[in-house]
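Here chain A shows up in two complexes: once beside chain B, once beside chain C.
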Partner chain A sequence: MADFTGESPLASRAGLLAGTSVPGALDIGEIPFLTQIALRVEPEGAAAARVGDALGSPLPGPGASAVAGDLLVLWMGPDEWLVVGEQGRAPDVEEALHKALDGDHGAVVDVSGQRTVVEIAGPRSEEFLNKGCSLDLHPSSFGPGRCAQTLLARTEVTLIRRHGSTPVFWVLVRSSFARHLADWSADAAAEYGGRAALA
Partner chain B sequence: MWLVPSPTDSTGDTQYVDLARDTTVADIRRAIGAGMESVEHIKRYTTLSTAHDQGKTSGTLASGVITELLGRSTGEIGTTTFRAPYTPVAFAALAGRERGELYDPVRVTSIHDWHVEQGAPFEDVGQWKRPWYYPRGGEDMEAAVLRECGAVRGGVGIQDVSTLGKIDVQGPDAAEFLDLVYTNRMSTLKVGRVRYGLMCHADGMVFDDGTVARTGEHRYLITTTSGGAAGVLQWLEDWLQTEWPHLRVHLTSVTEHWATIALAGPRSREVLSRVAPGMELDRDEFPFMSWKDGTVAGHGARVFRISFSGELAFEVSVPWWNGREVWEALVEAGEPLGITPYGTETMHVLRAEKGLPIVGQDTDGTVTPYDLGMGWAVSKKKDDFLGKRSFTRADTARTDRKQLVGLLPADPGLVLAEGAQVVEHAELPAPPVPMLGHVTSSYRSAVLERGFALALVESGRDRIGDTVHATAGDRLVAAEITDHVFYDKEGARRDG
Partner chain C sequence: MMLIPCPWCGLRDEIEFHYGGQAGVAYPQDPQAVSDQDWAEFLFFRDNPRGEFAERWLHAAGCRRWFGLRRDTVTNRVLDRDDTRTVAQ
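For the complex of A and B:
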C-alpha cells in the first residue's frame, strides 16, 4: 500500500510515549494501523475447523491467543475472535475467512480502525500495568500467549502477553480512548524515571 | 461538665449529641429509661455514632453525657469500640491518581485537534467531547449558533458526527431480528437504502433512535445515539442471547472504525463533488435515504444521503485514521462556498426547527413514538416487535397523553427556559395547580427570526392554536401551541 496515508490515534502522543519509556525498565510505543478482522463463528462447527485450516492454526480457546503464520488470533468470546496482522492485510484476510466460512453462518468484519495497539515491554511492565489493571499478571497465571478483555486505567482493553525472553504485552485499546491510556501511562511511569509530563 | 441545663428544654429534645444521626440528649435519656447502661447498648438503641463518621464527632460527647446521666465516672462507662478509619483519610488518598486530566476517561474523535485549534468549546456527551460551537472574533454562543444555523440553511456546514454509535448486523436472520427490535419494518428495505428507526423498550417507550442502512442481503449497518451506543449493543445482545438464540445474527461494534463527517446545506453536493469527482451525486443517481461506496479525497468512503437538519445533506464515513485528512479536504473544497463548521448546539436548533426529537432530551422514558407524532414509524403490519403489546395498554393508548408539540412565545424575542412548566392560565389558581406539561427544547431560530420551543403537552395535538402559559422566571408568559414542525413542513429542501 504505497499510497497509504493516515494519522494513528496516538500519533500526537508519540513524543509522550517515548518520554514515558525508561531504558532498561519500561518501553512503551504504539504499533499503528495493524489489520484487525473480527470473526464470529460457531466454535464447534465445521466452519471453525475450516477457518483453523485456512489460518494454519486452530482457533484458540478461552483466554488464549494463537500465532498463525504472520497473523495473531485472539480469543474474544465464546464464538468470537480477532485476527490481527500487518497493515494492509484486511482484504486478503477477509477473503480467506469468507472462503473458509463457505456460506455457513458467521461474520467477518474489518475493524482495523476500531482499536490501536500499544506495546509495553521491559522488566517493569507487569508492575506498571497492575497500577491500572486488577488481573494477576504473574507469568504463572498470565503467561505468554494469554489474552484477556479487561479494564486498564478504567478503559476497556484487550491485553495479551506476547512470547519473548523479556516481558512484552500488547494492549488493544479503542481509538477514542487511546489518548487517555497514553496520558495515564505517562503518569504511571513517572516513578520508574519516566520524564513525560501530561499533555 | 458535659450537659448544660437549658431553661427552655428540660428533656434535651433540642440538645444534639450526634449531628450526623440527629441523636439528642432526650434519646439517650430514653435509652437509659429503658434500662440500658452500657454505651454499646445505648449506641445501638439510639443509632448514636453509627453514621459515616463512625462517632468521630460525637463519641466522646456521648460518653460524657451518659456518664453524667448515670451519675458515674467516665472511666467506668468507657467508650464504644473504635472502628477504622481511626484518623481522617484525605479524599486525595482515596482518589489516588484519578484526578485532573485522569479523573475520568475522555473519548475524542480523530478530528478532535482541529476543533481545539479552532477554539471550539466542548460539550460532554457520555465520555465523548463534542464541539459545541465555533466562536469567531469574540462572538458569544448565541451569535455563533445563529451564524452557523444560517450557514447550513443558506449555504453549507460541516460537522464531526464520528461519535454516533455504529453496529454491523449480519446473518441470515438479520432482517427478522431488526424487525423485532425496531418499531418499523426493516426487512423490506432494499440493499443500498437507508431508513430511520425507533427502538422501544418492552413498555413501549422510546429509548433510542438512528438510521438503518441495508449493506447486503443479510447485512445492515445501524447507528445509535452517541451516548446510547454501548447500551443499545448490550440491549440487542441481551435479546439475541437470552430470548431469540435461534436467530442467526451477529453484532459487531464498528463505532471507531469509521470517522463520520456530515455535510449539510443546499451547497453540500457542490462541496462533495469537488473531492469525490468519481461519484454520481445528483438526486436521481443518489436519492435521499440511500448510501453508496466511493472515493472521497482519495480515500475509500461510504457516503449516506441522510439529513438531521432537513437540508440536502451527506454523511461521509472513512477509516478512523483518515478522518482529519478528509475533514480538512472538505473544508478546503468548501472554502470558496463559505463552508462553516458547526457544533452540537446548531445541530440541536436545526433539528428542532424540523420537529425532530432528541432521545433523552425531548423524551424521558415515558414517551411513546405516538406521543412524538411519529406513529408513521410504527408498523401496523408486523406481528410483533419490542413495545408493540404495550401500545394496546389502556394508559399507553390514551389520546390525552402528553404529546410533542411546538410552542411559540407571544413575545418573539423570548426564548423559553428548557424545563419550564406549562400551565393553562395567566393567573395561577389556588394550589395544586394543574400542570399541562413542560418545555423540552428551546432556542432562538435564525430562519424563523424568533424564539421557539418543543414541549410535551397534555392532548397537545388537539390543542394546536390554543394559547397556554409557561413559567419564565417569576412571570407567566403566553405561548401558542403549534405543530412540532416549524420549517419546511413539506420537506422540499432535502434534495437541495
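For the complex of A and C:
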C-alpha cells in the first residue's frame, strides 16, 4: 500500500476548528483519511445479498446507514452505497466487495480522496447544523443511524447521526469544499463562545 | 420556498432540486423523418398551463434521481407524485 504523504483537506483549518469548538457545547474536528469505497449494485439482486453477507450486515435502505463490524455503510442512492472505514482499509474492503460481486453487474471504486469527514458533537450540534441545513435534525425525525445527502451552508454534504448518548454527527464533505465549510463553521459557532475568528 | 417530495428522500427544500420541465415529452421515433416544424416543436415548445402541470424534477443535491410530480402552477401545491422508484436512470 502506498504511504500517505499529503496533508488532509482541513489540515490548514485544524487550529480554526479547535478554536471554534466550545467545551461542553460543541466539538468540531476533522477525521481525516478515512477509507471510502463507492459501491453500486442492483439492490434486489443476488449480488447485493452476497455483499451484505460479506460485510456482515444487509445493505441499508433509503435514508439509513448500517454498522458492519468496523465499517459504516451509507445509503447514497437506490443502487448506490458508500462503505466507510479506518484509514488503510481500502485494499481489503475493495477486494472483499469485488469478490462478493463475483462478476455480476456492479462497481466498486475507492473514492477515499473525494470527501473528508467532519465530526460535530455536543448538545448544540443540531442547532449549529440547522443554521445551514434545512433538514429537521430532531432525534425523532433524524435519529441515530440516519443518513441524508443534503445542503449544508450551500455545500453538498452527506450527513449522518452517529449512535451515542450525546448528539454526534458526521459530515462528509467534498475535499475542495471542506475549507469553506470550516470557515462557515467558525462563523456559525461564534455565538456559542467559539474563540476562533476568521482572519 | 417549496417543499418537494422526493420518492427516495422525502420532503426536501426546493433548492436541492433541478427542474426538468414538462413530463412525457417523447423523443421522436425517427428524428430524421420529422419536419423542421415538428422538430422545433419537440425541442423548444412546451405547455405552459395555468393550473395542473405534470413535470420532472431531479434531486440534484440528494439521491440524484429523476422523478415526476403534478403541481398546480398557480398555488405551487403538489397534487400527486409519481412514486415509481426508478433504479436505473
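The rule is simple: the second predicted complex is superposed on the first by the 194 of 199 C-alpha atoms of A that agree within 3 Å, B and C clash if a C-alpha of one lies under 4 Å from a C-alpha of the other, contacts with A are read in each partner's own complex, and residues count from 1 in each chain.
Convention: contacts are C-beta pairs under 8 Å (C-beta built on N, C-alpha and C of every residue); 3 or more make two chains touch, one makes a residue touch a chain.
Small disclaimer: the values here were computed from a predicted structure and weren't measured.
Q: Touching A:Leu151 in the superposition: chain B (first), chain C (second), both, neither?
A: Touch status of A:Leu151: second partner only.
Q: Counting only touches as set out at the top, which of chain B and chain C does A:Ser112 meet: first, second, both, neither?
A: first
Q: After the superposition on A, what does A:Gly143 contact: first (chain B), second (chain C), both or neither?
A: The answer is neither, since A:Gly143 touches no partner chain.
Q: Pick one for A:Trp184: touches chain B only (first), chain C only (second), both, or neither.
A: Once the two structures are laid over each other on A, A:Trp184 reaches chain B alone.
Q: Just checking: does A:Pro123 make contact with chain B only, chain C only, both, or neither of them? Give me first, second, both or neither.
A: neither
Q: Any idea whether chain B or chain C touches more of chain A?
A: Looking at chain B versus chain C, the one contacting more residues of chain A is B.
Q: Is A:Ser134 in contact with chain B, with chain C, with both, or with neither (first, second, both, neither)?
A: Second partner only.
Q: Check the residue A:Gly164 against both partner chains and state whether it touches chain B (first), chain C (second), both, or neither.
A: neither
Q: So chain A touches chain B in one structure and chain C in the other; where do those two contact lists coincide?
A: Dual-contact residues (chain A): none.
Q: Where on chain A does chain C make contact in their complex?
A: Answer in residue numbers: 42-43, 62-63, 76-79, 134-135, 148-151, 156.
Q: Given the complex with chain A, which residues does chain B contribute to the contact?
A: Per the stated touch rule, the residues are 97-98, 100-102, 104-110, 113, 128, 163, 168, 170-172, 248, 250, 252-259, 298, 319-325.
Q: Using the touch definition from the top, list the residues of chain C that touch chain A in their complex.
A: Counting only chain C, the residues touching chain A are 8-10, 12-13, 15-16, 61-65, 85-88.
Q: Going by the contact rule set out above, which residues of chain A touch chain B in the complex?
A: 3, 5-9, 12, 32-33, 38, 40, 105-107, 109-115, 153-155, 174-177, 179-180, 183-184, 187-188, 198
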